[in-house]
Amino acid sequence: MTNSYDSGRLNLPFVGISTFGKYEYVADWNAIDADVAVLGAPFDFGTQWRPGARFGPRAIREASTLFSFGHAGAYDHEDDVTYLGPGTKIIDMGDADIVHTQTEASHANIEKGVRAALEAGAIPVTLGGDHSINIPCVRAFADRGPIHIVQIDAHLDFVDERHGVRYGHGNPMRRAAEQDHVTGLSQFGIRNVSSTAKEGYDDARRFGSDIQSVRQIRALGAEAAAARVPEGVNLYITIDIDGFDPSIAPGTGTPSHGGFLYYEVMEFLAILARRNCIVGVDLVEVAPDYDRDGTTAILAAQVLLNLIGRILHARKA
Amino acid sequence: MTNSYDSGRLNLPFVGISTFGKYEYVADWNAIDADVAVLGAPFDFGTQWRPGARFGPRAIREASTLFSFGHAGAYDHEDDVTYLGPGTKIIDMGDADIVHTQTEASHANIEKGVRAALEAGAIPVTLGGDHSINIPCVRAFADRGPIHIVQIDAHLDFVDERHGVRYGHGNPMRRAAEQDHVTGLSQFGIRNVSSTAKEGYDDARRFGSDIQSVRQIRALGAEAAAARVPEGVNLYITIDIDGFDPSIAPGTGTPSHGGFLYYEVMEFLAILARRNCIVGVDLVEVAPDYDRDGTTAILAAQVLLNLIGRILHARKA
Amino acid sequence: MTNSYDSGRLNLPFVGISTFGKYEYVADWNAIDADVAVLGAPFDFGTQWRPGARFGPRAIREASTLFSFGHAGAYDHEDDVTYLGPGTKIIDMGDADIVHTQTEASHANIEKGVRAALEAGAIPVTLGGDHSINIPCVRAFADRGPIHIVQIDAHLDFVDERHGVRYGHGNPMRRAAEQDHVTGLSQFGIRNVSSTAKEGYDDARRFGSDIQSVRQIRALGAEAAAARVPEGVNLYITIDIDGFDPSIAPGTGTPSHGGFLYYEVMEFLAILARRNCIVGVDLVEVAPDYDRDGTTAILAAQVLLNLIGRILHARKA
Amino acid sequence: MTNSYDSGRLNLPFVGISTFGKYEYVADWNAIDADVAVLGAPFDFGTQWRPGARFGPRAIREASTLFSFGHAGAYDHEDDVTYLGPGTKIIDMGDADIVHTQTEASHANIEKGVRAALEAGAIPVTLGGDHSINIPCVRAFADRGPIHIVQIDAHLDFVDERHGVRYGHGNPMRRAAEQDHVTGLSQFGIRNVSSTAKEGYDDARRFGSDIQSVRQIRALGAEAAAARVPEGVNLYITIDIDGFDPSIAPGTGTPSHGGFLYYEVMEFLAILARRNCIVGVDLVEVAPDYDRDGTTAILAAQVLLNLIGRILHARKA
Amino acid sequence: MTNSYDSGRLNLPFVGISTFGKYEYVADWNAIDADVAVLGAPFDFGTQWRPGARFGPRAIREASTLFSFGHAGAYDHEDDVTYLGPGTKIIDMGDADIVHTQTEASHANIEKGVRAALEAGAIPVTLGGDHSINIPCVRAFADRGPIHIVQIDAHLDFVDERHGVRYGHGNPMRRAAEQDHVTGLSQFGIRNVSSTAKEGYDDARRFGSDIQSVRQIRALGAEAAAARVPEGVNLYITIDIDGFDPSIAPGTGTPSHGGFLYYEVMEFLAILARRNCIVGVDLVEVAPDYDRDGTTAILAAQVLLNLIGRILHARKA
Amino acid sequence: MTNSYDSGRLNLPFVGISTFGKYEYVADWNAIDADVAVLGAPFDFGTQWRPGARFGPRAIREASTLFSFGHAGAYDHEDDVTYLGPGTKIIDMGDADIVHTQTEASHANIEKGVRAALEAGAIPVTLGGDHSINIPCVRAFADRGPIHIVQIDAHLDFVDERHGVRYGHGNPMRRAAEQDHVTGLSQFGIRNVSSTAKEGYDDARRFGSDIQSVRQIRALGAEAAAARVPEGVNLYITIDIDGFDPSIAPGTGTPSHGGFLYYEVMEFLAILARRNCIVGVDLVEVAPDYDRDGTTAILAAQVLLNLIGRILHARKA
């Protein structure tokens, strides 16, 4: 017979071990041979309201199995392209080791994982955890810059220090801006009250951040929004799931109404994937305990698989 | 006194047995005397990820009681019309008998129910159950064609066969296309990865399907979208609840972000109800275990009651 | 050091007693000294489907703590304004006493609370409870009229009487219209079937109500919608959370698909806050048992804090 | 072939309209012809903490379908008896009409339903609703006494009056004790703090109530506990689901730890069913919104079906 | 330093890929080298009420990670024994391939997995899925008998055939009894109404089954209960999670009140592990969608890890 | 009239701000004048599996409102005593300030709160948070020893150090044992695998801990168990809610089956309250996100209010 499922397994989404996209789990970080390496960073001591992002990597992995049916890649009838087809080399590195009560030790382990992916020549895609895990992710690029950071988020995350806290989930963009290898920030989706006070905004503007609200990005459209991101520079994409609207991303620590819808982000990222070289990605703040129907984890998996597919497609072309 | 509730019951939504819309339950399928006959098809062995559509009919029935307040029909102030007013003849047939582990036997029982409605001259409205229940629903029209099928769905459902499976929830549109009495397919809302691989799309296009994504339909608007559906032909409407966006329809087996919003579908269906003769309807894939707040079942009930109201209004006119 | 958190508490959102916005609780209603006084009205015997709005005040209070981080007010980068900054005088009055099985006694206690706020010169902001609690709220303004009522709601709530019920959640706008000090009603968001039958609509139109659906308001835009509300008159705002779409407000008794999105309401209210004198607010029908992910309570808190901030900002200006 | 399912339906538990035990729904209360008539009393304005008992009847009905498999009754291998076998005449009367905001009108409708069952010679089994619905249930026996009431409950429910409330869920046993046709009360399971203060206990003891805690009943055992109930008198059984332990009955308004386990109650009731004539039953305070896994409703259904089976078995014998 | 965690990972329970007990995943079934091989059998088309046991293997695997802290095995202070210490060879085989709508094909794949474990000399421990998956598990022992089956269950599962169904979750013990290599059945925990009618009990008794209710086993105690199981014969243990009480195992398709508590089963199994050779185990009917707090999956993982530890401890001794 | 509710508020459980037991909130820790001072310690960075104990204090406070009906204290009919009657002086101190990512700073703030209570002469009752919050609680007694610690827990929590962690939730009893003012430990309920390996047990035994499992305590009974606790010494009680069985305490980070039932603990604590001087209490590890039906928080509130009542009753006597 002729169909491609005659041999092998049907491999329905609900069957099998939950690695990311059901891709191979490579426990030995010295043995990575892949285009994309997915790392879990289940750290959430940096959260300021609802906890639980530590279970984000597991939830995203399980949700990603929904999109693993079909053996021959993901055919997109609108683009008439099959993404993630045969030959795609994605692996799951498992999780960075987390040490409870110890922020620095945990972050160091995350940095180690991202560096391992980079050393293997793979694009690191890190699954948070809270947004503080972006700090070690960006640090891992220290000798691989310059990079420009594109942030999708409800919150500016540009707090310098409060009560001694410099590595919580309100600080990552400030910590990034301090790094020499980070040349700029596009901070899109920022809206409503958050832990960043007026001084933080002033500081971010001084640094040169391009701060845009959801309504501002929406008024621009995906093309014009993408045009605000510099061309010809390597991009690191950091997606706080709360950049999306609570209607599709309720499962997060600090939801903020008035957020992005699915295609608003997806079309913007697709343009960047075609135009820039995306060298790293993280997606953070999925908190499955507040995601009773599972749609947030599905959103995270759907965004990541589509983004990875488009990055790899652009690379091949 | 003068108000219509002085006698009889107040009959609040939370009071009473949960039949569809609190309409009469007619257990004897030889005794149906109605314009519309609602049949439950609680079959879900055809699902490929999250199960539970077997409880869809019960959930939709219970949700439908929310819309049963008011004894004098449903007044729509935008249309200035009272739908489902006195004289409306809708009945609830109960459920088709389902045989666990047995797909064919279960499907045969569903077909029997739809045929009973048709023989009584009632429009069958079938509550799934997974989308495979559309297979017996369409088969029941075998000697009552031709019909054109309008599908609202995230997924193409045009898989021919895999590992011997031909009657799962990824197959119904292929099975429909094979029937002589089915003259065409309008497949709207199709997006993102699904169980249908590229060959399925090629086959569907060959068959003549009109495949449109949510973004394509949205760009067209309801009128132009409806204009793509042939006039002068009897329509069978099959609504997979996952055609809607997960923000309003989380409670389904395989949610897909980027779906239709309420009025996008409702306005489209209202046009069809005015313009074409709608001879059958099914609404499938409501899975209440993933619908913790109940909005998916409410959506299903709200869509069906509004659609039925508009069909009957058009018939009278 | 220079940051404003060096002394005092960090006071993260998850820390501390849940009063509204973590503002001071003033148990003695004779000792209110505030610009805004928040009162809980945990009454829900007026509901006709899903109960639980009695826990609305607690849920909104807890959700409001999310927005209490930052000691220096809420900086809005789109407006370049810090709302709710130092000097803001908001207090939480706690709840009106509710007497189970007794609608009139409970309503009387709510009225007493609103009157206490008014006598202290504070703007009363009442947290429902079901929409029937609007009846005593409006009555409390009897000697402080005239007021025009702006209602955000899915349902008209203009039922006169049924089976002897005149003080349920389907009656408040009818009761308001009967009051001498109420000069008009703007009823926005009204859609779909509800407990108000056609006679109710006819009566409301006769009274002079401006009844607009979500689609009609959406077509107008926020500015034109606000322009329909009379200028130069004191406004009382009553927000039924089900005026919003179920995608962002699932946690309510009688959800109705096709509702308002966040900015549609927020921009409209912001215009009114700048243009009219808003003398009272209630937000009703948050039912946390149907709000498993907490987004409805967050929406209520976010809307109220933003609205209060804008009212107080306008007053100062 | 020989098996009894060859003809007719398999009728799995998840299939079909949710009447109690899938027994026939008899909407016309003048046409009842049954040994047992089940009535829903979805009233919950009498609750003092968590609401939602209004959905108790629907939840119990749906749970009862789990126990409707098998066409030939329920074989109990420990008793070697088939209960509820062919010939059993049970019907579902649907619900009493409830009028929101109106306690007395609602109670009157419940009383009407119970009287209809009694007039038809059927044993009324009423599904609450909160415990206040016991008040009209007991009143319906006014001309059919004397009856002795056996109460399974965590709370004494013997409050006379507070703030004018006499018909809430803290009052039913007091209201019962005031009735001439009620000759005594066995109040078993009473424990921990509740709305009944010391005066209530003093009054109950003065009335002659036999008040026993869970530990006291447990120390006695089922036989000795049953022996405390007078022989030779007609019994009315009122089961507040919170008499059971929260481990098996979390889904109730006011759970109280340290309650009865399943067999402790079941064995006690089985003895009474054999020894006394049980003339009426109610089971109250199932609140499905707090019964996320459904075990409380299943407990209610399991207790009622077993109790009814044993009552009918004793009658036949 | 001296502690065993100085090198390597802390490996907290929430960190890492969810294989069973975080043991190695061996995808190649020809490469199994282990004492125990864990196989997922995510099949649930055999259920007659609540579905979802297909996600049982994933839920049990995730719950099992809770028990993987500590690198040096599980020290039991009551036994003063370290179970599952260094040298333990357990692997996770992943899942058998399931074919939706196809019961026989799915069962065949499960049988293949169990046979692979047996051929490798490992004890197969199969995670259901519904109880029908026991049918292929037992079949896999066809040439490795004789075995005696010990069943922990609420239901007898001894239905022969109904409406053509012979391989649903009500049939496995009947199917087992028909096999030549099955010499007897100990059916413990059986209670209440179920799908097995009186004929089924008669047939089981004729076959020689030892049918004991929870109360009967409880009256005996663990030692005497174990003494009813024949000595000197290889045992296959099948644990339907609904044999346990719904208070600790709500997350299952057909809960039945009055079930076993944790130590009642654990002590009984510990005796068997010491006394008999246990050659295979399955644990079925964990349905995580009804296990909102996760205790059922934790129970399953806790029982299995303790049982495996005791089996391996006995083997070594 | 004569009843005590004629004046003042009815104050139903669902009404009012959620302080502990609805007792007064005293924000100024220098102004405490009370017998018992309740402090929230919403710290959970010390957890090793499921997070969320940071919301424990809020959940326990809200649950405690259930037990605040009745103005005249809590009458216990088994003891014939009114506990917590008029004259009871309990206050709620609010929460210790928590600094995310900073364990030491957060613990220091908790210690400060407990010391404030002690300096005011009040018994500190601390609501966790995870069990690591016991570390600062015990430290606060440094100059007020000697104390003997009675621990109710599933886990020994006697880990010295791992990966640098000394202040996580697996360490508190080890940290306590190191303090000079701690003279002994009664560790009851310990069972099953946990983060404490064999060395930890050896160390604890060397220290002189009395380690007893649930089964061992159950075999002893409450009196004999209490007799194992030294007389004539001040007791500090630390209750990890996971000492209780998951059937009544699912809402915790690391549930362990086979735990204590309600009365087993309550009777034991009641004896201690009568016999010893209890100088401090903490109750930890209530994680409301895993307590969907709310029974865990209710258990915590019920245990604490009963324990406080008994301590105060013993003091008065």
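So that you can tell them apart, the chains are marked A, B, C, D, E and F in the order they are listed, and the count of residues begins at 1 in each.
To be clear about the criterion, contacts are C-beta pairs under 8 Å (C-beta built on N, C-alpha and C of every residue); 3 or more make two chains touch, one makes a residue touch a chain.
Remember, predicted model here, so these are calculated numbers, not experimental data.
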item: Partner chains that chain B and chain F have in common; value: A, C, D, E
item: Most widely separated chain from chain B, with each centre as the mean of CA atoms; value: F
item: Pair joined by the larger number of C-beta contacts - D-F, C-D; value: D-F
item: Degree value of the rotation bringing chain B onto chain D, based on Cα positions, nearest 5; value: 180
item: Interface residue overlap between copies chain B and chain C, same or different (over half shared); value: different
item: Rounded Å distance between chain A and chain C, as computed from the means of their C-alpha atoms; value: 37
item: Chain C and chain F, separation of their C-alpha mean positions in angstrom; value: 39
item: For chain B, residues that touch 2 or more chains besides their own; value: 10, 12, 14, 48, 50, 54-55, 99-100, 163, 165, 245, 247-248, 290, 292-293
item: Chain-level touch network, classified as line, ring, star, complete or other; value: other
item: Chains grouped in pairs wherever the two touch, ordered by label; value: A-B, A-C, A-E, A-F, B-C, B-D, B-E, C-D, C-F, D-E, D-F, E-F
item: Footprint of chain F on chain A - complex, ascending; value: 44-48, 50-52, 54-55, 99-103, 105, 132, 163-165, 167-169, 289-290
item: Contact set on chain F toward chain E in their complex; value: 48-50, 156, 160-163, 165, 190-198, 201, 211, 213, 215-216, 245-248, 250-251, 254-258, 290-293
item: Contact set on chain F toward chain D in their complex; value: 3-6, 10, 12-14, 65-67, 69-70, 72, 74-78, 82, 245, 247-248, 261-263, 266, 292-295, 298-299, 302, 305-306
item: For the chain A and chain E complex, residues of the former touching the latter; value: 9-12, 14-19, 25, 40, 42, 54-55, 58, 61-62, 92, 94-100
